[in-house]
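The first chain written gets the first letter, and so on, giving A, B and C; residue counts start at 1 in each chain.
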Amino acid sequence: MAVSDQDMATGIWNAAEGDEADARPHLGPRQRWARRKAILQQAAVLLLVAAVAVFVIRNTVVNLQARGLASGFDFLRQEAGFKMAFSLIAIDPTSTYGRIFLAGLLNSLLVAALAIVAATMLGFAVGLARVSPSAPVRYVARGYVELVRNLPLLLHLLLWQAVVLRSLPVVREAIGLGGFAFLSNRGLYLPAPVAGDAKAMVVAVAVATGIAAIVAGWSIRSRAQARGEAPPRLGLVLAAGGLVSNAAAIALLDWQVPVLAGFDFRGGLKLMPEFVSLVAALTIYNSAFVAEIVRAGVQSVARGQREAALALGLPPKLILRLVIVPQAMRVIIPPLANQYTHLIKASALATVVGFPDLVNVFLGTSLNQTGRAVEIAVITACVYLALSTSVALATSAYGRRVKLVER
Amino acid sequence: MATTSVSGNSRAPATAAGRLLATAVANPFGTLVVLGLAYLAWTLGLPIVDWAFVNATWVASDRAGCNPDGACWAFIVNRLPQFAFGFYPEAERWRAWIVLLAPPLLLLLAMAPDFPGRRRILVVGFCLYPIAAFVMLAGGVLGLAPVPSEKWGGLLLTMVVGLGAFVFSFPIAILLAIGRASKLPAIRLLATGFIEFWRGMPLIAILFMSVIMLPLFLPPGVEFPRLTLAMIGITLYSAAFLAEVARGGLQSVSRGQSEAANALGFGFWAMQGYIVMPQALRAVLPGIVNSAISLLKDTTYVMVVGLFDLLNIVNAALSDPAWLGLATEGYVFVGLVFWSLCFGLSQVSARMERDAERNQSRTPSGERKAP
Amino acid sequence: MTANASISVRSLSKWYGSWRALRDVSMDIEGGTCTVLCGPSGSGKSTLLRCLNGLEEWQEGDVVIGGVPVGYRAGELRRLRRDVGMVFQSFNLFPHLSVLDNVTLAPRIVRRRGRRESEQHAMQLLERVGVGQHAAKLPSALSGGQQQRVAIARALAMRPSILLFDEPTSALDPESVKEVLDVMIDLARSGTTMAVVTHEMGFARRVAGRVVFMDKGSIVETGEPDEFFDCPCTDRAKAFLGNIARN
């Protein structure tokens, strides 16, 4: 928009559709002046920025030399010599900094992904409760939102860490959750499939095709809905088939249930308390914001649409599901994505409780050990910028699709 | 969630009890939720009241002097001066008091009925506050004894960091917003890149980097205290978010406004300062207050670079041998302080939003007076 | 610049992209007279008017105001615009300022006049256009006609030597049109140089020295208002007048 303004102002369009001989856009003295001025102004600003950059770089070089710090990215292939308390890929003292980086990144992503799913579900529930016809439900939901979102996230985290988890029983008296999972002050113990199982490949393929079937079924349905047609049976069958195949595949695995042996549980997956409190705090804190986004979205379409739907004779219960929520999604998605970006960034709070996320093991421990401040800062910045950019790109792609459907 | 439909098509029975019954019948799940919550309130609420008030101890000299069945508020009471001012020397506390009390006084003034010059006092007050607060706290001039920033702490530090970063970030944010709306591609690109960089980074990482990287960027021999380094990071972070808010405001100002200003002979900066920005910022005032709330909550992150804000100083006090095991009391106290500040501010923002909506709905129909 | 400067437009051409908005337009407006520009929409009349104070850039030709060619440097334009007042179709009052502040802002900031002096002058002007009693209100509390009269006072407050009006009555309801036209007639009779884009034939007949009819970016016909309205020479003007008479 601004670009085309500029083009208009300086008259540098070369469109050749002019119907007459005099339709020859050219530059008058005014346009030449405006152009020269624009170039000069931009050059001045760029020069200023370049001067600052040179100043900073020179200082950095001198400072690094003075401190005897090496530079370069070769450290990524060096042995790090430390262990991580939790990682999705195997880490031992011989692992390189590159592998530490990867493990930290995976941990960050795991925390963020779990918290995003949980916060979305909790947030939608609370958000819909905020517009419930029952006044007490509305008040409780509002109370939850106001209580949660006006406390700093870090306080949520410390509360979980110090108060909730510390008050859990010791391992010997762990709370059993259906006999499969256990909760104690040492963390959460979950059943896990036995690693190296021969069936693992088969199961992985089954799960992948199952997910693909669900996605395909869902997209067939939503496309049909966007065109205003009745959703074809095929979509439903595909989605249901995918669900069943996933469930079957998961049931096929050999699940190892954690068993109390001596001072700790054996087998299964042990999630450290820091992980549990981090995910819990991120989930609760963000759910309040998701709830407000959902409420605003529902209210933005609820007014006129509800009357129209009632006039069509739709039962009120179906209205929310069939009419309001699908339309509200259009309003909900962009701020929701924004909230996800916040959540991803906030997962870096892991450092405070000592969960080994990217910032903790890379920007923290690795930087302290190698002294490659600039390199590590640049890599970390790139990772987070890539994450927030991809969320933004996905949102804008969604926005374009929605606009297309509207037309 | 079929239960939470936005319905309301019931014929209202006459009595309150009847209405209640009708609602319960129409929405059985909601009723269950309410009953469940009532049960929870009974089983959890009563013990909490017992703990917080009935069995609580307010005066004691250590943990042992507290009733073990109740809250040990004596811990908070004993440490209150430290939670408020950190390690600020006792003889100079009056300076800290002034710094701490100035913002609420200014806020009261903002709520007070209009009188001539009130706006000017407010604007000048808020703009000068961070600088005045720094001079007041740091001392070394005007006959004030110097106090190094390592000794500032508690609520005082939270205020200095939060309000300081907010006020300093304001002019930067405005410049960034103007830059992002510029016709010149290089300037637009620079502003956009700057904004997106600071918005995309986690504040924790920014704080780490400002403490580690900024000293590298400075000429050898120039050293800033940790507080200043952290403040620079938070200020730029906040500026990026505020710039996006301000950009929304800029987009809401119609093109006719800048044309009218041009036609009257205003230059670019005079036009921005007197005509465009006042309207843009007014349009997004609730968004600005919301940013301030976020920033206030985010000041707690300074913990990771070893500054003792309210949360961190309470956190540190929890390991005092005389007061072990009082995490709940400590965090509840911090929570109360933050909650009341943030909730209060959010009410201000909500009121502004309602006022703006009312103004907007009144304008087009307008009370038209006959000439 | 003298009071009531003259305007001279010499073979002005302007392109928007590849579309030519003005073709070789030449026109003179004598100091102290009122000229009405009319023509169908898209004829270039507003574009021409906006060239007169440099709100639009053009590619060829010159605009000379009070003997001085309109320059293109920012400073030159600012100096020119202090002396050329403009009134817009959509008023463009500053909604965050009171009526009085709307009128005094430019004299105080651009002309660096004192507050007291500016306010006295502004009150005189507001009285003159008949909205003196609304000085303390916000523009949104005023009717359209009142807002447009405030906009005229705002332009006058800079003591301009020329006033430009860009369809000043098009956004108004019928009753308000008369209020605004009365003020403009008063201004024209007091000998202000005015260029007015309008379709108000009554106004043109009463005070305009000349009517300029434009179509497709060129001046098609100019003449005394009575001549032009009663027996236009060109077919295009005839068709246009027929159209506005029907509406």
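Keep in mind that, in the parts below, a residue touches a chain if its C-beta (ideal position, glycine included) is under 8 Å from a C-beta of that chain, and two chains touch if they have at least 3 such contacts.
Being a predicted model, the structure only gives us computed values, none of them experimental.
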Counting one step per pair of touching chains, how far is chain B from chain A at the shortest? 1
Contact tally winner between A-C and B-C is B-C
Distance from the mean Cα position of chain B to that of chain A, given in whole angstrom: 24
Nearest whole angstrom, what separates the Cα centre of chain A from the Cα centre of chain C? 55
So, in whole Å, the Cα centroid of chain B is separated from that of chain C by 48
Residues within chain A bordering two or more other chains: 9
By residue number and range, which residues of chain C touch two or more other chains? none
Using the touch definition from the top, which residues of chain B touch two or more other chains? none
Of chain C, residues touching chain A in the complex: 15-20, 23, 57-60, 72-73
Chain B - residues contacting chain A, complex: 1-9, 23, 26-27, 30-31, 33-34, 37, 181-188, 190, 196-197, 199-205, 208-209, 212-213, 215-220, 293, 297-298, 300-301, 303-304, 311, 315, 318, 327-328, 331, 334-335, 338-339, 342-343, 346
In their complex, what parts of chain C are in touch with chain B? 53, 55, 74, 78-82, 84-86, 88, 90, 92-96, 105-106, 109-110, 130, 134, 140-143, 145-146, 154-155, 158, 176, 179
Spell out the part of chain A that touches chain B in their complex, as residue ranges. 2-3, 5-6, 9, 38, 41-42, 45-46, 49, 56, 59-60, 62-64, 66, 124-125, 128-129, 131-134, 136-137, 140, 146-147, 149-155, 158-159, 162-163, 166, 298, 302, 306, 310, 316-317, 319-321, 324, 341, 345-349, 351-352, 359, 363-364, 367, 373-374, 377, 380-381, 384-385, 387-389
Chain A to chain C touching residues, read off their complex: 7-11, 13-18, 20, 22-23, 25-31, 33-34
